[in-house]
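Each chain carries a letter (A, B, C and D) given by its place in the written order, and its residues are counted from 1.
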Amino acid sequence: MLKTQLCGIKLKNPLMLAAGVLGSHASSLNWILKSGAGAVVSKSFSKEPNDGYRNPTTVAVEGGIINAIGLSSPGVEAFIDELESVNRIIGKSIASIYGANPEEFAYVAGKVEDLVDIIELNVSCPHAMEGYGASIGQNPELTRNVVKAVKEAVDIPILAKLTPNVTDILEIAVAAEEGGADGLTLINSLGPGMKIDIVTGNPILANKFGGMSGPAIKPIAVRCVYDVYEGTEIPIVGVGGIRNYTDVIEFLYAGASAVQIGTSIMYEGPEIFGRITSDLEDFIEESEFNSISDMVGFAHKE
Amino acid sequence: MLKTQLCGIKLKNPLMLAAGVLGSHASSLNWILKSGAGAVVSKSFSKEPNDGYRNPTTVAVEGGIINAIGLSSPGVEAFIDELESVNRIIGKSIASIYGANPEEFAYVAGKVEDLVDIIELNVSCPHAMEGYGASIGQNPELTRNVVKAVKEAVDIPILAKLTPNVTDILEIAVAAEEGGADGLTLINSLGPGMKIDIVTGNPILANKFGGMSGPAIKPIAVRCVYDVYEGTEIPIVGVGGIRNYTDVIEFLYAGASAVQIGTSIMYEGPEIFGRITSDLEDFIEESEFNSISDMVGFAHKE
Amino acid sequence: MNVPQVIEIKKIIEETPTIKTFIFDWTMVGENIPYPGQFIMVWNFNDEKPMSISYIDVAKGELGITVKKVGKFSENLHSLKEGEKLGLRGPYGNGFDTDLRDIRVLAIGGGVGMAPIAFFTEEALKNKAQVDVVCAAQTKSELLFDKRLEARGANVYTCTDDGSCGFKGFATHRVLELIEHKEYDWAVVCGPEVMMRPLYGSLETHMIDGEYSMERYMKCAIGVCGHCCVDNTGWRICAEGPVFSSDQISEIVEFGKYHRTASGLREYF
Amino acid sequence: MNVPQVIEIKKIIEETPTIKTFIFDWTMVGENIPYPGQFIMVWNFNDEKPMSISYIDVAKGELGITVKKVGKFSENLHSLKEGEKLGLRGPYGNGFDTDLRDIRVLAIGGGVGMAPIAFFTEEALKNKAQVDVVCAAQTKSELLFDKRLEARGANVYTCTDDGSCGFKGFATHRVLELIEHKEYDWAVVCGPEVMMRPLYGSLETHMIDGEYSMERYMKCAIGVCGHCCVDNTGWRICAEGPVFSSDQISEIVEFGKYHRTASGLREYF
């Protein structure tokens, strides 16, 4: 009953694992698929290996966490081994990639194209090294160019994952659409934010600030999806703070065709996928909807 | 022991009421002053009366609320009556004003200059009517012009209150500083955000989206203060999610000279000012600090 | 709790030509269980306004509000049918003291002000108070909850502006007559402020303390916006109120004089 | 709880030339009370790493960690004095089963792997288990907690690579000798994986089930980043681990073979 599709890719349900959460190894990706996710997004990886930031890389805040993992990545060559072991029979596999310029993005995308169903472009990490992540996604021109280069390099669908940390997310979304994105993933983590230890005066994260995620960011993510739905034509994957089936419904109503779950895995583990799919089935059964796609954009009705 | 000063104005403590919370009448402003606040900021008011948005104007979200009151205001003439009744002997009075252009801001500021100690410019409301609020504060040029016009019109200190909903808050802060702001208030409510009712599909707020406030936004507010402290010379008033003395300390360490408290009044009423001042006194007594000003910017130490 | 729960209207009762009661299923646990004097915010998907709780049944898990048709919002509610939905959040505010065993109470309700008075009276009676109710309306057909409270064991004294129920005159007159002949320890009052103001005077003169329920324009109802604050104390009607003691009323200088509109402009009664 | 609490080092104990124990005041309530096998994240205001809890005293409200000097971070900890501060968050992870009344337990610790083994042994003894401890180190002066556990009533068998304590050889050899002559119902193991791997083989051959504590590079320690997940099950060392049963170990194909560095690249042991 939860069957749906995204950019022509069939999904057994609209729930996906969000990038960077339990996504570094094929083993954890497979565990999430077995737990009921319709698709999994890998941790973002790059051409060359990268250690990421020193610890502390995460700290709790009200309603979630802030993190500055710093895009640690073993590099595409090593990650190919992982992607080859993802069980694509029980669910779909999405590679999240990052790079410093269109060429790097295109290179990495080309390397993994045959191993995954969709490629997600991380142009939105709020704590990436200078030149990476949000420094691309905060600029419509750079965003358009990265999307365009990857679009030209691969034949599978590509999602551009955007940052909410801009004056006008619709402007960036339109640029990504123009660049040829098949869909948009909204949103990457918020802020960034900071937490300071009151005894020593030290910002707790080694990187000082980090992206905020978890239930607290949901209202912002839902608004981003709502706004971008009105101004673009391509499908949207909603992400940010989902913890319950009601949160999933909010995102669908706002205009998302599918959703991703990240931080909430911290509260109850991969089982969250099974619980939400079953709650969602119950909801649809009792509702007047016949399918997930019926629900997409429902909040925009007159 | 908590005595400090802001833009040359003496404060018995660094705690202020934030604009728009219990700030529409002299009576509630006086209640807050009696409860221990060092200063109170009025609800933002304008030249002409404005009803604001239809209800619902607030709804709870994880870690706070979203609101779209819509800058309701009885207009400056009526508000003068309120300001005249504020008890400026027990604490300082700050007028928050808004307008559509530099002239309106300057007009309203001139009208109330003699009745208050400081004027705060709301160029940052995330749910204002087109042309007001954040549509000014998201543009460095417009921000500079509004600040400049008010600076020329009045002789008392002026604070520019900025929105976090921009790609680079430092850029706007610098513009405000260039315009002649004596200080900066960071941050207005976040997002905006949206909450959708899952039964009917309606966005709950009548305005559909609204600014997010409360404990959940604190990490973002602290980071904004930290960043702007590094890039500007004028004092900063920190606001966003303060609920405890530890939150106040985080803001001081990040670089705020004073702080404002808004949404948390919902949890325990005006008594929050008395509780936090007393906790803050205890903290300083046991610490190596001798004054509030010793603590300002402590997180930037080497 | 500060999010509207969308609930079907279970039952609609036509109380008078202009007043209807709407009954909803309501989860009766903890802070969700309302007490008399509290209100809920009612969202009709276009606007949201406060309504006093006029009825509860804890065992059945039911809650009722009673709405008078006076303007756009209340007219819309009156147009709804059973099975249609409204969003409810609350309960909000403080409530009347009902712990009044053996106390001789005079409960006074004017017009739809009888809504919280009816709920109060039922609770007070359960707590073994002796309750006389003054039920005031413009005309006989508009008398609200007089029969309901009589059936529960209260003495109900009605009065109407046009005398159609026997006693012709305002609640003030009815009350004056009563308190000159009967002893009361406590009064509970809800109605238009133009009615409550003189009543307050009379009750004070007769040294009858009590509680008064006030209305002010509400936006948030959760104590943040400050729109419902009253002069000169600054108390929030939605948090410190809507019910105030006689002593508190004496500090509310705007009581009976003015309130504020949506913009915050004062409007004199 | 997932925020470092900055706490003064109350006491520092030099256990061996390369190992120190750090004692802190710790609020012992609810989920804050650690059990053996759990770890905390230690922040020295420059980096943050996992350390097993080696000691608690619930009555006194004390917790201890025991750190071996091996690199930059641990060297920095060793340079600290009593009264200086560290940030601690946790406890994290699952723990060893200590509910082992009358069970004959063989507890095996290699090097600083004795840290959780010591805490385990004390708890298991309190629960009336019979515990034999194999305490392995490179040389006699590096033997950790052998005296402490003997004093608590465990039989302690030491061994060192250089034979300086009598028995020359690895923990594996010591254990083989023991299990060929004595009956055990349960084993508990912590140490380098190059030690645990052959031990696991021997214990399986002798049909001795038990629990093994593993280490992997940790970033978040709260089960989100996925950096500590192991092949092929995907289990998180910080959440489903660090302690795994013999059956679980058989599913962890990388056990004793490889782990991952900060970037996520595999590094073979």
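Everything that follows uses one rule, which is that a residue touches a chain if its C-beta (ideal position, glycine included) is under 8 Å from a C-beta of that chain, and two chains touch if they have at least 3 such contacts.
For clarity, every value in this text was computed on a predicted model and none was experimentally measured.
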item	value
Contacts common to chain A and chain B (chain labels)	none
Geometric centre distance via CA averages, chain C-chain B, whole Å	36
Inter-chain centre distance, chain C versus chain D - centres from mean C-alpha coordinates, in Å	66
Geometric centre distance via CA averages, chain C-chain A, whole Å	51
Multi-chain contact sites of chain A, meaning residues that touch two or more partners	195, 202
Multi-partner residues of chain D (at least 2 other chains)	none
Overall pattern in which the protein chains touch one another (line/ring/star/complete/other)	line
Pairwise chain contacts, counting only pairs that touch as defined	A-B, A-D, B-C
In the complex, chain B residues that touch chain C	20-32, 43, 49-52, 54-60, 65, 67, 69, 72-75, 78, 195, 197, 199-200, 202, 204, 206, 262-263, 265-266, 269
Complex contacts: residues of chain A adjacent to chain B	61-64, 66, 138, 165-167, 190-196, 198, 201-203, 208-209, 212, 215-216, 218-220, 222-223, 226, 241, 246, 249-250, 253-254, 298-299, 301
Chain A partner contacts - residues on chain D that touch it in the complex	1-4, 6, 41, 43, 45-49, 85, 87, 218-227, 229-236, 239, 260-266
